Amino acid sequence: MLSRTADNLFWIARYMERAETMARLLEVGARISLLPSVHGYRSEWDSLLQASGTADGFDRKYAEPVARNIESYLFFDHDNPSSVASCLRQARENGRIVRTALTTQVWDALNTAFQELKQLERQPRSELELTQLTDWVTRHAAMVRGSIGATLLRNDGYDFLNLGYCLERADATARLLDVKYYVLLPRVEFVGSGLDNYQWMTLLRALSLHRAFHWTYAGEITARKIADFLILNPQSPRSLVASVEGINHALHRLGRAYGRETVAQVRGRQLNDMLERVTVEDIFDEGMHEFLTRFIGDVATLGYHVWESYLTGDVR
Amino acid sequence: MILTVEHVTRYGYDRPVRGLVQSHRMTPASHEGQRVIDWEVGVSDGLAGGSFRDGAGDRVTSWSVIGPVSQVEVTVRGRVETKDTGGILRGHRELVSPHCYLQATALTHPDDALLALAEEARALPEVLDAAHLLCERVAKAILWTPGVTQSQTTAAEAMSQAQGVCQDHAHAIIAAARAAGMPARYVSGYMLAEERQDAAHAWAEIHVPNLGWVGFDAANGCCPDDRYIRIASGLDAQDAAPIRGWARGDGQERLEVAVAVQTVEQ
Amino acid sequence: MTTYFNEMFQDGEVRIPYARLEGWTKRMPDALRHMKQAEAEALFRRIGITFAVYGEGGDPDRLIPFDMFPRVFTAAEWARLERGIKQRARALNAFLVDVYGRGEIVRAGRIPAHLVYRNAAFEKSVVGFVPPKGVYSHIVGIDLVRTGPDEFFVLEDNCRTPSGVSYMLENREIMMRMFPDLFRENRIEPVDSYPLLLRRTLASVAPAKCKGDPTIVILTPGHFNSAYYEHSFLADLMGVELVEGQDLFVEGEYVWMRTTEGPKRVDVIYRRIDDAYIDPLCFRPDSMLGVPGLMDVYRSGGVNICSCPGAGVADDKAVYTFVPEMIRFYLGEEPILNNVPTWQCAKEDDRKYVLENLKDLVVKEVHGSGGYGMLVGPKSTKDQIERFHARIKDDPGNYIAQPTLALSTTPTFVNEGIAPRHVDLRPYCLVGERVELVPGGLTRVALTEGSLVVNSSQGGGVKDTWVLAE
């Protein structure tokens, strides 16, 4: 397939996943802000901007990180390349470019999200509840994901879509975890406090994983259990290990279909091996933030090798 | 006379480029005034592509270099036996109609000074006399001064600066000739010189009824003779460029050129 | 008062090709018609066939209005059109091979040298090259108008990359979906073989160095282009890749496309970008849309480019006047289809006539297209006519003029019911090893009452075009 087509498919997936992450992040922020503040209002919302990598852009545009501005910036703002609206537009535009590589169902799902977004944008903000908005995003994300799964040919295009989804998800889960551990709760005396637990629950809720967590880990919420659940448990759909497994599955299929492996497959397996060897104790010894930073870097490097090996068309 | 040419063009990139494509017009054609004895063009790490003779009778060869690469060297080496034909191009196989060389380009757009020159030329009954007149006038109007003009300098700019190099002389002649209704074109080539130079040579050709194309070199105040080797032609310097290239990558390009044209002792 | 030829009704009688359509319209109450019209629009929007108008901004997802009332030709009418169109396509190609070779037609004094060699569309860089099978223009779109039962005129030729063929195909598709009964009652020649014929045509002009099955691609300027839908639609139906310039590169003697499995050789490029953007090494050095080095590969027989660079010199509006002469010169035949009489403003006598009669004439720019830069005398204000007067005087070589033609009308659905509206026709002739034409084309209709401008950029719509089987 044309490298550019693969690139467009890859980015449809990344943008859809990113839109969903943004919506979930907004929900985390909204729930946490309902709690009596520990550091003052500003730092909580600030942590969201930090986690989504959009703090600089926000500061340039708005003076005050109040809820309304942040919602506008993270959801609707076209100047923010990571806003939900920007991501959905980009996903649909990438879809339009490779329209013929998609089924009608996938295109319809992408296009409907885009058309409804245009309607939402015309509505007064005061009529829009944040929870409605995030529900709307997760619903459309699921529709796109579902139509891909149900209708698309299992060829290399399908693998590039999955590669995009899993790479983006690995990155997103790591960032969400990082907000909680590093940005929201920097002081060690809060660890294990009621506040701490509440924040963990919020995170799980935002990921729609709080019930799954209780089924898997009976009893009390602890940082270790959560770390295990979101990093190392392959049953958890958004865990780092599950995402990396997905990456490797897609890469393996590509290697087999094309009859050759690239450096991307090698790097993918290395990342997988690392996650299989590491324990929760190792992670806390290294420091959660340090571990996550390293992981985010590794995922970025892997993304670079996918690009270099398949998406530039320079491979020989 | 037998002339030898050694012409090296070196491209350097501060960051390696992913690949490179070039289109060369660097091989002389044989005609009455010149016979190619041997001629070789090489590109370091280059892959020779398609090659053909274009409608103007010039040999075009495509080259590509697979990256990453930081330096590319284009080397021309050859020997040509030349004969003085009084500047007249005879026996050169070409198909392009002289009418095609009446259209002005950005580099050869005439200003008032050039239009006045064209007016003066148009007053002469014989095209050949008009052509000689243009050559003399341009030689006087533009003093040969290296380093004051660039490759993008237009004929009009060179005229108003009153300084320039062979490219500017050729452009000025071409601009005025076309304005006077005479087909004119830019010719790139080599000229015998005692020392190494940092550029090849160029002059103009004007189409004269019953004679065909005749060369005029205002920079040297003469018509090309057996000291000249004719390589390629075009509407202007850009159109006749010996090398046109494109690199894929964001590296900054540096260029070095060394040309040596000598006679062989007979 | 001009009278216009109505293709359905003549002297109160329904003409034969439209015989069965009268009952169809009678059986269709307004409510049903509105419902069907809405359905058609929804279908067009769903498949994404939209049209962005150059430079007008506005809704990029705008639809070209579709009129459900078909335009019909009998088999006999079409047979004559087909012969005339094919004749013209052959002559235009013979002209192109000639003017990029020895230029016999110029030497013979049948067309002035400056019209050819000083033409902005003439490409000096392809002189001396004969493309595979001697074909320069592989898809020739010929714009025709009708003024009477047997009177057809060629309005202009499109030798570069005529667009709109996706509408011909989609209009038919939608009509068949919405009115299957009509297709049972009328025996209508199908047009859906067009993509296959196009593919076969392109494959038949594979370059000298290609052995075996050629790889064909469509080269688009990109997804921001107003015709992007058509490009991707054709690529899909032909089963070929739709590429942008950045997807192709030159290496050695060939052109390659970047794929996830490494470089894949490309043999035939159906390009939908203009000459100037094809190759920054040869044409505009600032072009980001093209492929550096492509022209060298083309000229050395490593790839074919359809239509060939330089083909535009044949469809220039000033060269157009000489097409009947080309038919006589190259084919030794008399033209089957007539040209519209044309005055060249560059000629003094013609200019004098044009300037004196502007209110009755249509004036066009020599290189204009899409209905822009055009004056329709009888429909213009005094002010507009005066402005054109000045423009022609400033740059006479840039304008030609033609009489205002009494364009035929066909019944068209309008708000009030059915009313006659003016139409033209663009069939698409394919030229490769063979010269072929699917029975049909794109009928454009001027939806505004009395308007003679059918361009989609100026409020025109489209219709399905039927050719009845014998």
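The chains carry the letters A, B and C, assigned in the order they are written, with residues numbered from 1 in each.
Everything below uses one rule, namely that a contact is a pair of C-beta atoms (placed from the backbone, for glycine too) under 8 Å apart; a residue touches a chain by one contact, two chains touch by 3 or more.
Owing to the predicted nature of the structure, the values given are computational and were not obtained by experimental measurement.
Asks: If you count the C-beta pairs in contact for each pair of chains, which pair comes out on top?
Replies: Pair with the most C-beta pairs in contact: B-C.
Asks: Nearest chain to the global Cα centroid?
Replies: Chain nearest the centroid of all protein C-alpha atoms: C.
Asks: With chain centres defined as C-alpha means, what is the inter-centre distance between subunit A and subunit C in Å?
Replies: Here subunit A and subunit C have centroids separated by 48 Å.
Asks: Please work out the Cα centroid separation of subunit A and subunit B, and write it as a whole number of Å.
Replies: Chain centres of subunit A and subunit B, defined by C-alpha means, are spaced 59 Å apart.
Asks: So, what's the distance in Å between the C-alpha centres of subunit C and subunit B?
Replies: 41
Asks: So which bits of subunit B are touching at least two other chains?
Replies: Correct list: 19.
Asks: Specify, in ascending order, the residues of subunit A that touch 2 or more different other chains.
Replies: If we look for residues of subunit A contacting two or more partner chains, we find 314.
Asks: Per the contact definition, I'd like the list of subunit A residues that touch subunit C in the complex.
Replies: For subunit A paired with subunit C, touching residues are 1-4, 6, 93, 96-97, 99-100, 107-108, 111, 156, 160, 254, 258, 310-316.
Asks: Could you list, by residue number, the parts of subunit C that touch subunit B in their complex?
Replies: Within the complex, subunit C contacts subunit B at residues 100-103, 106, 113-114, 116-118, 122, 124-129, 249-254, 280-282, 285, 292-293, 295-297, 299-302.
Asks: Once bound in the complex, which stretches of subunit B touch subunit C?
Replies: Answer in residue numbers: 19, 21-23, 47-56, 60-62, 64, 66, 95-97, 99-100, 102-103, 235, 238, 244-246, 248.
Asks: Which subunit C residues qualify as touching subunit A in the complex?
Replies: 46, 48, 223, 232, 235-236, 241-244, 246-247, 257-263
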